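A, B, C and D are the chain letters, set down in written order, and residue numbers restart from 1 in every chain.
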Amino acid sequence: MADDRDLRELQDKCGIFACVAAKGVSPEEADVANVICLGLVGLQHRGQESAGIVTNDGNRFYTKKGMGMVSNIFQDGCLKELEGCMGIGHTRYSTAGSSELLNCQPFVVDTVFSHIAVAHNGELINATSLRNRMLHQGIGLSTGSDTEVITQLLTTRPSCGEPNGADWVARIKYLMKQTQCAYSLAIMNKDSVFVVRDPYGNRPLCIGMLKKSVSSLNHELKRFNSLTNIESKINEEDDVLAWVASSESCSFPSIGAVLMHEVAPGEIVQLTPSGPKSLAIVPPERDNYPAFCIFEYVYFARADSMFEGQMVYTVRQRCGKQLAIESPVEADVVSTIPESATPAAFGFSQQTGIPYVEVLTKNRYVGRTFIQPSNRLRQLSVNKKFGPLTENFRGKRVVLLDDSIVRGNTIGPIIKLLKQAGAAEVHVRIASPPLKHPCYMGINIPTREELVANKMDAEQLAWKVGADSLVYLSLEGLETAVQSGIQETKGRKVGHCTACLSGKYPVELEW
Amino acid sequence: MADDRDLRELQDKCGIFACVAAKGVSPEEADVANVICLGLVGLQHRGQESAGIVTNDGNRFYTKKGMGMVSNIFQDGCLKELEGCMGIGHTRYSTAGSSELLNCQPFVVDTVFSHIAVAHNGELINATSLRNRMLHQGIGLSTGSDTEVITQLLTTRPSCGEPNGADWVARIKYLMKQTQCAYSLAIMNKDSVFVVRDPYGNRPLCIGMLKKSVSSLNHELKRFNSLTNIESKINEEDDVLAWVASSESCSFPSIGAVLMHEVAPGEIVQLTPSGPKSLAIVPPERDNYPAFCIFEYVYFARADSMFEGQMVYTVRQRCGKQLAIESPVEADVVSTIPESATPAAFGFSQQTGIPYVEVLTKNRYVGRTFIQPSNRLRQLSVNKKFGPLTENFRGKRVVLLDDSIVRGNTIGPIIKLLKQAGAAEVHVRIASPPLKHPCYMGINIPTREELVANKMDAEQLAWKVGADSLVYLSLEGLETAVQSGIQETKGRKVGHCTACLSGKYPVELEW
Amino acid sequence: MADDRDLRELQDKCGIFACVAAKGVSPEEADVANVICLGLVGLQHRGQESAGIVTNDGNRFYTKKGMGMVSNIFQDGCLKELEGCMGIGHTRYSTAGSSELLNCQPFVVDTVFSHIAVAHNGELINATSLRNRMLHQGIGLSTGSDTEVITQLLTTRPSCGEPNGADWVARIKYLMKQTQCAYSLAIMNKDSVFVVRDPYGNRPLCIGMLKKSVSSLNHELKRFNSLTNIESKINEEDDVLAWVASSESCSFPSIGAVLMHEVAPGEIVQLTPSGPKSLAIVPPERDNYPAFCIFEYVYFARADSMFEGQMVYTVRQRCGKQLAIESPVEADVVSTIPESATPAAFGFSQQTGIPYVEVLTKNRYVGRTFIQPSNRLRQLSVNKKFGPLTENFRGKRVVLLDDSIVRGNTIGPIIKLLKQAGAAEVHVRIASPPLKHPCYMGINIPTREELVANKMDAEQLAWKVGADSLVYLSLEGLETAVQSGIQETKGRKVGHCTACLSGKYPVELEW
Amino acid sequence: MADDRDLRELQDKCGIFACVAAKGVSPEEADVANVICLGLVGLQHRGQESAGIVTNDGNRFYTKKGMGMVSNIFQDGCLKELEGCMGIGHTRYSTAGSSELLNCQPFVVDTVFSHIAVAHNGELINATSLRNRMLHQGIGLSTGSDTEVITQLLTTRPSCGEPNGADWVARIKYLMKQTQCAYSLAIMNKDSVFVVRDPYGNRPLCIGMLKKSVSSLNHELKRFNSLTNIESKINEEDDVLAWVASSESCSFPSIGAVLMHEVAPGEIVQLTPSGPKSLAIVPPERDNYPAFCIFEYVYFARADSMFEGQMVYTVRQRCGKQLAIESPVEADVVSTIPESATPAAFGFSQQTGIPYVEVLTKNRYVGRTFIQPSNRLRQLSVNKKFGPLTENFRGKRVVLLDDSIVRGNTIGPIIKLLKQAGAAEVHVRIASPPLKHPCYMGINIPTREELVANKMDAEQLAWKVGADSLVYLSLEGLETAVQSGIQETKGRKVGHCTACLSGKYPVELEW
């Protein structure tokens, strides 16, 4: 997955972000809409097709959504119109048509008690049967989005009634009973934001603390490993400005926040001006394992994010080391395709002692919309993006690391470019196992037929793309690389969803 | 110069590109407009404000110019309207107002013999006195651009008359006598393209050969070290599709071209369908030295370009090594700010044995137009662009390489970010000498007052930005790093313009 | 209401259009999306803020909506993507924010049987209580639009169940029982389009026949005065291409259609490839009268539309005659402000014998967005739009007809302009009674406080605007002018809603 | 020329406007850029493709140009950046490509004394030979525009030198000697604006006085019939804010100006803060006649403009009367196609006593870019723009006035529409003679081959378009209608260019 085009082949569907100003902080000081906007910029790699922010001032909801990149949508002072001391945001990738502003999140609906806004990362395995049930109830659905289904489930009042106003926890638990995975949610009513992770913990979600004056950006995971009795754990010197939640912790430093808690699988946390409070942990139906998506480590997440107490970059580096152990090769230099598998390449280099060099420079001005008509030039399109640093590899044997192979269309032209520019040999090492199965939990993967790993084995692929050798990391190797860095947490089980690699899905598939 | 904003602080003014289809090649096969467009994408780092292409079919000239990036301007089939078997292109940065489509190049004018189109990289030292002379002659000038001055000088007929049609070489020599530096030019009449470099060779320019089928992308500098008797040197197996010229060789691989010749200072080369022919070498007025801009090596050029027979990346690596020799420091890791001084950091690491690691990851989705109102968030703006890879440097002493310091505004927040994220010490090493003087030859440098090197020395700067130490490369060190890799070429003198660092200008300044 | 700005003061909310290709006609021949698009262009005066078209091919629904004018939204071949042999369209004006693409119609929802699309002209008097009931049922509502309420009412299954598929007539009758006015609707399922007019007939709606070859554009109202036994009334030589429905008949000639039937108050007509069929006439709850909006005659409708068997232009001309009878004046010329009350002015001239002349020419290039900062120029803004044809009225006494007065801001500057240009006297005659009351049935009228008729009587207004006299048409006069031309139709009662003039609403207002 | 498309068939090329604030008026009070902008809006009918304004504050020139309509170009506060107390503006139509921002006027050039700006309406008959002479002098020309030629002629210093600064009058006279027609010019240097009309007076130009407080908008032509001794004619109560010049007087009321002087053929008037001063009247080379374009009366000018002391509307009305005298017909109603020949139709009605009625209503929302693919709908395109007011003409004999016939494509479908809607007979009367010859003086007329009058006579055309009769106005009739209203001015000859109708050109054509 060497370049932007491939990025579209394998795409996480969303990023979510929430912010609630701390007690006593004025709207100007909290600057909630800006904080969310910056948070979304930090999650932009999780979706570039549309984005939205909804805030509320305890009374009215303010919404702004649009197609395109976060920094293009929220221009021209439109953030000023997003008033209030709390809000949620969303950034989205979708396979739907580009004009589908209708599907942009967060969704806002009016309910009998108040408006609510919902932002969702993930995909409901039983969305179809839920849709059908609603249609039979006579509810017209105006989009094809899972999030509309979630929203309508949330508007359903609990059977016991709600004599004292809305019982949102009961409504959220009802939602969690109706569908088990995969979702991470931010749900805002007029008083607070609920953040929820599905019982299998398939999509990531974490909580941060935004201090007025930043002295350290180091995470405080140990101090806040639980959110019960949260109030006693907050010191005065914490000097809190706001509480935030995000799909990934990488969005925290840009707003001056620190990571304080990773939302547990099945956990419901309420963010209010007084701080986050853990309200419940709903267990999965099948007790076998938590199932956090292993591909977040392999490819989706930004390298500076933390999951399960470890930095993604470090895990990727361990993948490279593991690959060097499993599949060493005699070579002169180790390298990678820019901005793809750099940590894995460093890991491979450290394990083998073969020096790391750069073999390609990237032209960052290549636009996506650029079209060349002639065949001759189309065949050279990889050369438009990458320039060979010939003096670094001419006449040398190169080990080229990549993070994963999807359709297998990009690696061939890169190898050709390196060889035309003088590489003696090119050995490809893929820092993940063959990708063979569809994902129904929030990742956009090409069809089974399009995945090259279903069409040929590593040796055949090596021949096809012109590599002198090509080896994947083993599934066990990947699991070892991921899990060996997770610190034992009392009573917390470790487990990952490897469905796209192994075909083993966390829940039964139902159509 | 760590990031995009700084890039605008110090900016080369232009890139030029030319293409002439070889004899017997059809317009469809040559695909000239596409080749130029791709060539300009490869020169986009030399100017992002506007771009233009002019082609001609031996009869009519076809022009398309626009504000913005190459890939945005040349969309929607507009390349198809740029007909013909030759053309020139230009990409430009300018300090002028954004709406100045008037100033976009190439300039096209009608002359008594035919239309000509002119693309120009550089800046005329005596532009003002030339303008005044023209105004006295009763010629109205409609732009403030040097290129209009050049164009009007070219339309001036030689005093001896031109009994047999236009004598373009005489006209170009007249132009070269009127002004000596700095310019690299592409001049197209209806039959051919002339490419010209000023007698001091201040701005770069090179020539390439575009083959029908690409087997090797290695440069053929040795084979074509002279363009006299060019025809005898072209083999049949060269299988030439077109001849191209470019400000930098980095734009050649993307169109399948190989570098064949670096235009010599003062050289006039004519590109026709039969190939490039060297017509003359006009010597400089002051014989002291050639004066190729040393900052092309330091910062402007793309790392994969070749100048004077050496790859820019390699020169930068030598700068890092030289810096390690001049100013070593005890530390745990060496690193750089992403996409800035990576080769220098590798050089420093190799020389010292201190391991190279990545300390920051870059958010490539940060838009330029993004605005945050509150002070608190503005102070964090560097955090929006870079995420700390904390596990790679927490508790460690970091050597941080940068290529140059202009205003000195960016490095401070980066150091603060690294320290807040846990760096024990941060030692800054700048791979070039202090930048102190304005450039009048084509580089956009802030005023003397804005350059931080005119306000404080290295020690004071270290204190101001919070570095534990900060050292520049010496001017001699830079010259050594650049010149030690240049292969002796018979009769060719070596020399570089270091005016912005040393204050020594190649020609007398005249106002 | 002399000019474009005023037009926004008093605005019908929508226009709807439908088309169903006749049996045996191919999609290419029927060209449904283009027919609807042209139909909407003919209804553009009923709403310029957004527009949309939904078609269906018996299987999939195809939707395209956008902000702005019809001719801007449906460009660039996007009509080709609207496939199928039937469709509905909508053009809309709204007080909601300009970016509210969410609220654009037609609305499309999925139901248990099929998708349906709904286009709506009008406003529900009891929308608020209907909304609340739905929210209590646990249905989340995502817009503030009445049309979402209508759509959700339509998705409600009849209590008796629908053993043999959807019973749309039962569902539509249920909808009609829940709310009585005001609406004209086009509802498309995958087989047909239902067009419905509320029991009071408040908003207009009519049906047309689109012939393959156009020989006459004259309406065939007499031949098709009922749609029962429709099939026996269609001759072979009718040569039908498609059946269409529209808010106004003025959109028919541009597609080659003829007006065949005005949908009766409370009538449900189904358009299928076999032709229109009247399915039911639902009577109003209060039997007192039909209540077709009289202001459609006064101002909203296009002059070439037919309502109740008479041309709107003719009715307006009768208003002018009636005004001349009620309030004659000695004068030299009769005139009007361009494109406003021309028919009334002709009527006044015919009745009195005072010659009609043009006093102003209109600058049709005045843009809406144009802004002038200085007070002096702002006071002249009416002069920007209208140029005085001085030789036609210098030294003369002018009677100036206008159709209505809303805020009363425009007429003053016009009178001033005429007098500065030499008019001896200016007598204003308004071809409708004073506008005093809000409309809750689909017209956007300023608040009671903003209506000038609630602030001063005719005499005071004359003084304020500088008129030598100013008289309104009486309510009885207007009713006479409207109703005297309606041909007696057996069993059909005649009646009009005059709420905005008289304060008498057709149904009880409920909040 | 019934509609917008035809309007593009026959198009005046430009409108020019100038404004100079009176002595002692502050820039804020004068609001020069806004005045020019409004003036251009009033000239928008003379060119809709691009527009520009240049102002100067005695020091710097400020320029803003753009493609499109005046009200779109000058938005968003850009007028504020056009500083200073004088300026000129231009609005333009051109056959050149839509992206030719290069050709937008006013042109600004630097000269040896100061910048000058030039705005031009007209076309130089000898442009080609002037271009060639310049190219031979070694001046490169960067556009194909006549205005660049004019601008370069103006930069030429008079042979006697200019010892005391620029002698602009000498330069303008030199320009006027080089080319005799057709042009009206506004030339701004840093102190004043010169307005110039060619010796034949082919294109219109007039001067106005902008008062601080407007009491009357009546022209003061008699008072200012000469601009010599202008100062003695200006009273204190004139209370002058600024002096303006315009192609047509119709742009004066919108800024509160009154018409004071029509620039005479060959006259050079200088506008300074002290008022307009007539500097010279350059006689034509051929003394035979003045040659003001008669088509300005027929079609181009706005009906409320004054030429030669008479209102254009009145002249057109006389054309209709003349036509009724020349070619009467028995009929029931007289009418016209909306916004085309209304005054002529009134004239015809007055002369014959046949009542005037409206037969068509215009849909003003029809966009220009709208495209319909099917043939059936394309044939109906005239119905999209015009709706038949059937009750006004069903069963009646209609006389339909039009101002002129160019290609003859529009009138046929209109007649068809009227007949399909029930007209018994349609008799066409054209209020001008057959259009047969090209114009080389500033009007864009189709080629000889495209003009229908060169292909068939009136009778043949009647048959082709389906008219029951079709008659043109005679050339003598037109000249009578135009000239009978011109008041005898002492010593001033009357004469008009009728070249497009008669083939007689005012000067010898030279290629």
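By definition in this document, a contact is a pair of C-beta atoms (placed from the backbone, for glycine too) under 8 Å apart; a residue touches a chain by one contact, two chains touch by 3 or more.
Keep in mind that this is a model prediction, so the values were computed, not measured.
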{"item": "Partner chains that subunit C and subunit D have in common", "value": "none"}
{"item": "Farthest chain relative to subunit A (centres taken as mean CA coordinates)", "value": "D"}
{"item": "Inter-centroid spacing, subunit B versus subunit A (mean Cα positions, whole Å)", "value": "38"}
{"item": "Centroid distance [mean C-alpha coordinates] between subunit C and subunit A, Å", "value": "50"}
{"item": "Centre-of-Cα separation between subunit C and subunit B, whole angstrom", "value": "63"}
{"item": "Subunit A residues counted as touching two or more neighbouring chains", "value": "none"}
{"item": "Chains grouped in pairs wherever the two touch, ordered by label", "value": "A-B, A-C, B-D, C-D"}
{"item": "Interfacial residue positions of subunit D with respect to subunit B in the complex", "value": "99, 101-102, 107-112, 116, 131-132, 135-136, 138-142, 144, 151-152, 154-157"}
{"item": "Interfacial residue positions of subunit C with respect to subunit D in the complex", "value": "28, 31, 34-35, 37-38, 41-42, 44-45, 48, 69-72, 74-75, 79-80, 212, 214-218, 250, 253-256, 302-304, 310-311, 313-314, 339, 342-343, 346, 356-358, 361, 363-374, 376-377, 380, 383-384, 387-392, 394, 417, 420-422"}
